[in-house]
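Chain naming follows the written order as A, B and C, and within any one chain the residues start at number 1.
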Amino acid sequence: MNALRVFWLSWVLNLRLLSQSLFFVLISVFQPVIFASIAFYMWRAGGREGTLLYVSIGAGLMGMWSATLFGSGGLIVWQRWQRTLELLVAAPPRFVVTMLPFTVATASLGLYSMVATLAWGRLLFDVPLHFEHPLMFAVAVAVTVLGLGVLGLVFASTFVFYRHANAFSNVLEYPVWLASGVLVPVSLLPAFVEPLSWVLAPTWGVRAMRDAAFGGDPLPELAACVALTLVYFGLAWVGAANFERLARKHATLSLT
Amino acid sequence: MARVFVVGGVISYRALFNWVRPLSYATSMLGIPVTQLLFFAYLGRFTGLRDDEFYVVGNAVQATAMGGVFAMTMTVGNERQFGTLGPLLASPANRAALFLGRSLPVVLNALFVAAVVFMAGLLLLDFSLPAGQIPALLLVVVVTASATTGLGLLLGAIGLRAREVIFAGNLVYFVMLLVCGVNVPLDVLPQWLEWVGRSLPLTHGLEAARRVVDGASLTDVGGLLWTEAAIGAAYAAAGFVLFRLLELEGRRHAVLDTY
Amino acid sequence: MAVVEAIELRRLYRTATGTLRRRKLEVEAVRGIDFAVERGELFGLLGPNGAGKTTTIKILVTLLLPTSGTARVLGFDVVRDTREVRRRVGFVFGGERGLYDRLSGLDNLRYFAELYGVPPREQRRRIAELLELVGLAGRERERVEGYSRGMRQRLHVARGLLHDPEVLFLDEPTLGLDPVGARELRRTIAGLTAAGKTILLTTHYMFEADALCDRIAVLSHGEIVAEGTPSELKARVAEGRVVEIEVFGVAEERLDALRRLEGVKSVAVEEREQAQVLLVQAEMGVEVTPLVLAHLDGASVGRVSYREPTLEDAYVALVS
């Protein structure tokens, strides 16, 4: 029972912390909206057929990924600087348990992105917000948030040890947008990308969302997303214990 | 004055980037523009808008904007955070030279990044660049990069008061990505956005770059380059004025070193 | 059984410097230290900055792995039984950070109480008690970013005590506090030992160690150079009295020459406004004053006085 309480409390705590960060709001609201606008104009000008809702959803997911990426990694970097990382590591619960609510919270803020791009599209580009299965869409978004949160946990686990990891992780924004096919179908990319797409939660998330929006069957994709989330969790579990130990060995829990 | 210009610039650059290892630099400074190019190029192919060359030139030149805007605002932001802003502004050295000195490494860095992105376009996308146009292209990139440092200076001046100045830099970055004709042709944008784009640096320089890559000569794009330079200078001037004003006011209210 | 044990503890840091050509540096912060803390003791690790105090504490609270040697807390090995140790110890590192600034003091405490498994029913009571104890009652709903240095320090202490640990590690707890706040905190710490807790404290304030600790280990360059009760340590230098000589502007070379004099154990210098005060410790039974004064010939000499050695003198002698 205690684990659930800890989860809830940390989740809320982190949501509050992040919502107060102007930078985070920039990443999760302003950036997706700009990218959505760019995509909308490109769609119109290029004469691409089909509804722009496709674009709104894709751009929303782009924002969710950005939130996850910068949130999870940045979280560790910030906590290390803030000297709270040490406190969390030295606390009794396992590091994954302590960190999970934080990364899920950052992924949750990705909801802002989805809402922002949908609203923006509707207000400024007349994007019709017609969902075939609105409830399933909400479920798909929630499942994706969880998947991203746990993927973020995998990142966070490595950041505990590698102090400069965020310089590398920052480069993963565009590649994951491409590889998970949020706007450009993976089939258009070089062949080696397809297998990569299968291990990314956003791939399945965006497909599930589209199915829910346009009338397909999102269940298989949701199942794939959940399965992937479990795999991520396993990775994080093993990784965190390992990296925490390495961090204690090489003294990278603090700045000095 | 020249010494202050060069030495100040090099030292500040090293001080800021000293903590960054070469590999981290490579991945952030180079990896992001290159992956950005790939994203938009493929998006362009999917939407059927223009060709690969449009995106290569657009994102390569825009990458210089990243340097100009960010580095300048970061300079002020970081100096403020490290507490060196106070001593810096207290120095008797000509402040114009001091800050111009900070733009030098920024422009050089921008050139390097633009070159890498062009290379990526050449290798990975359907893009070719006639060798004879390279010198002209180089000049266009230098002018554009310098112009964006002017905007960065203005933002940096605002940073004297605003707490999260890096936030402003990011904000401007995204706006420029939308309105300066980088991935969305200017004629596609609504009128008012086009005007915003034309009042920012990068727009005219980018237009010049596109024409040069298509075979235009420097004389053909001269007007665009002068416009670009003038816009950059205007922002720089505004930045200086704001700097002086805020600095004087800051001295009166002792707020410069607060963070 | 000792509550805290360190056996041949060593910690080596490897760092690299330089941007393009990376040079490897090795620093041995802790070089084989041994000590034991008994139940209910207030044990002090005394030493200058860089002596290895923080490294030692971090090893004991499981934030660092020792390079070699063993450390045990309550019988649990810090490397093998990490989770057991973490459940039972509290630690206070203090300083400006280490708290969630944008949250209130209360929220910070609530979060850590949850993390440390304090039963929900007890949380309110415990938190209220602790806020009272550290003197923050009434200010807990304010955001930590508005707290003064002293308030933050006190919140750190409250946080360390949330789960009522048997063992408490305090790293320079009064550093940066104003004298009144520091004195109050010391009183609180003394009260904790009276309540049966075992405390290991690091400090570089001699008088603090003297006033608070039952036993002290003096750490210098990663090694323990002396261990004992404050009186035992003072006795080690009580062989000779300390001569205080007021001088004005004596050069470093002159001081070195003084140090090499027959019978002089150590010469420390204290800056006091316009003058310097030389604190000369002599070997037992040796009267060095005339010799020292002779060697100060030419310099302006003010008052000369004698006093009993303090822990500070012992410390200086051991550490220099």
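Keep in mind that, in the parts below, contacts are C-beta pairs under 8 Å (C-beta built on N, C-alpha and C of every residue); 3 or more make two chains touch, one makes a residue touch a chain.
Not measured: the values here are computed from a predicted model.
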{"item": "Closest chain to global C-alpha mean, per-chain Cα centroids", "value": "A"}
{"item": "Highest-count interface - the chain pair sharing the most C-beta contacts", "value": "A-B"}
{"item": "Approximate Å spacing (C-alpha centroids) for the pair chain A, chain C", "value": "44"}
{"item": "Gap in Å, rounded to a whole number, between the CA centres of chain C and chain B", "value": "50"}
{"item": "Cα-centroid distance, chain A relative to chain B, in whole angstrom", "value": "29"}
{"item": "Per-residue multi-chain contacts in chain B, two or more chains", "value": "21"}
{"item": "Residue ranges of chain B in contact with chain A within the complex", "value": "20-21, 23-25, 27-28, 31-32, 35-36, 38-39, 42-49, 164, 166-167, 170-171, 174-175, 177-178, 183-185, 188-189"}
{"item": "In the complex with chain A, residue positions of chain C that touch it", "value": "13-14, 61-65, 83, 86-87, 91, 93, 95, 97-103, 107, 110-112, 114-117, 120"}
{"item": "For the chain A and chain B complex, residues of the former touching the latter", "value": "22-23, 26, 30-31, 34, 37-39, 41-48, 164, 167-168, 170-171, 173-175, 177-178, 183-185, 188-189"}
{"item": "Touching residues on chain A, where the partner in the complex is chain C", "value": "2, 5-6, 9-10, 13, 16-17, 20, 81-84, 86-94, 98, 245, 248-251, 253"}
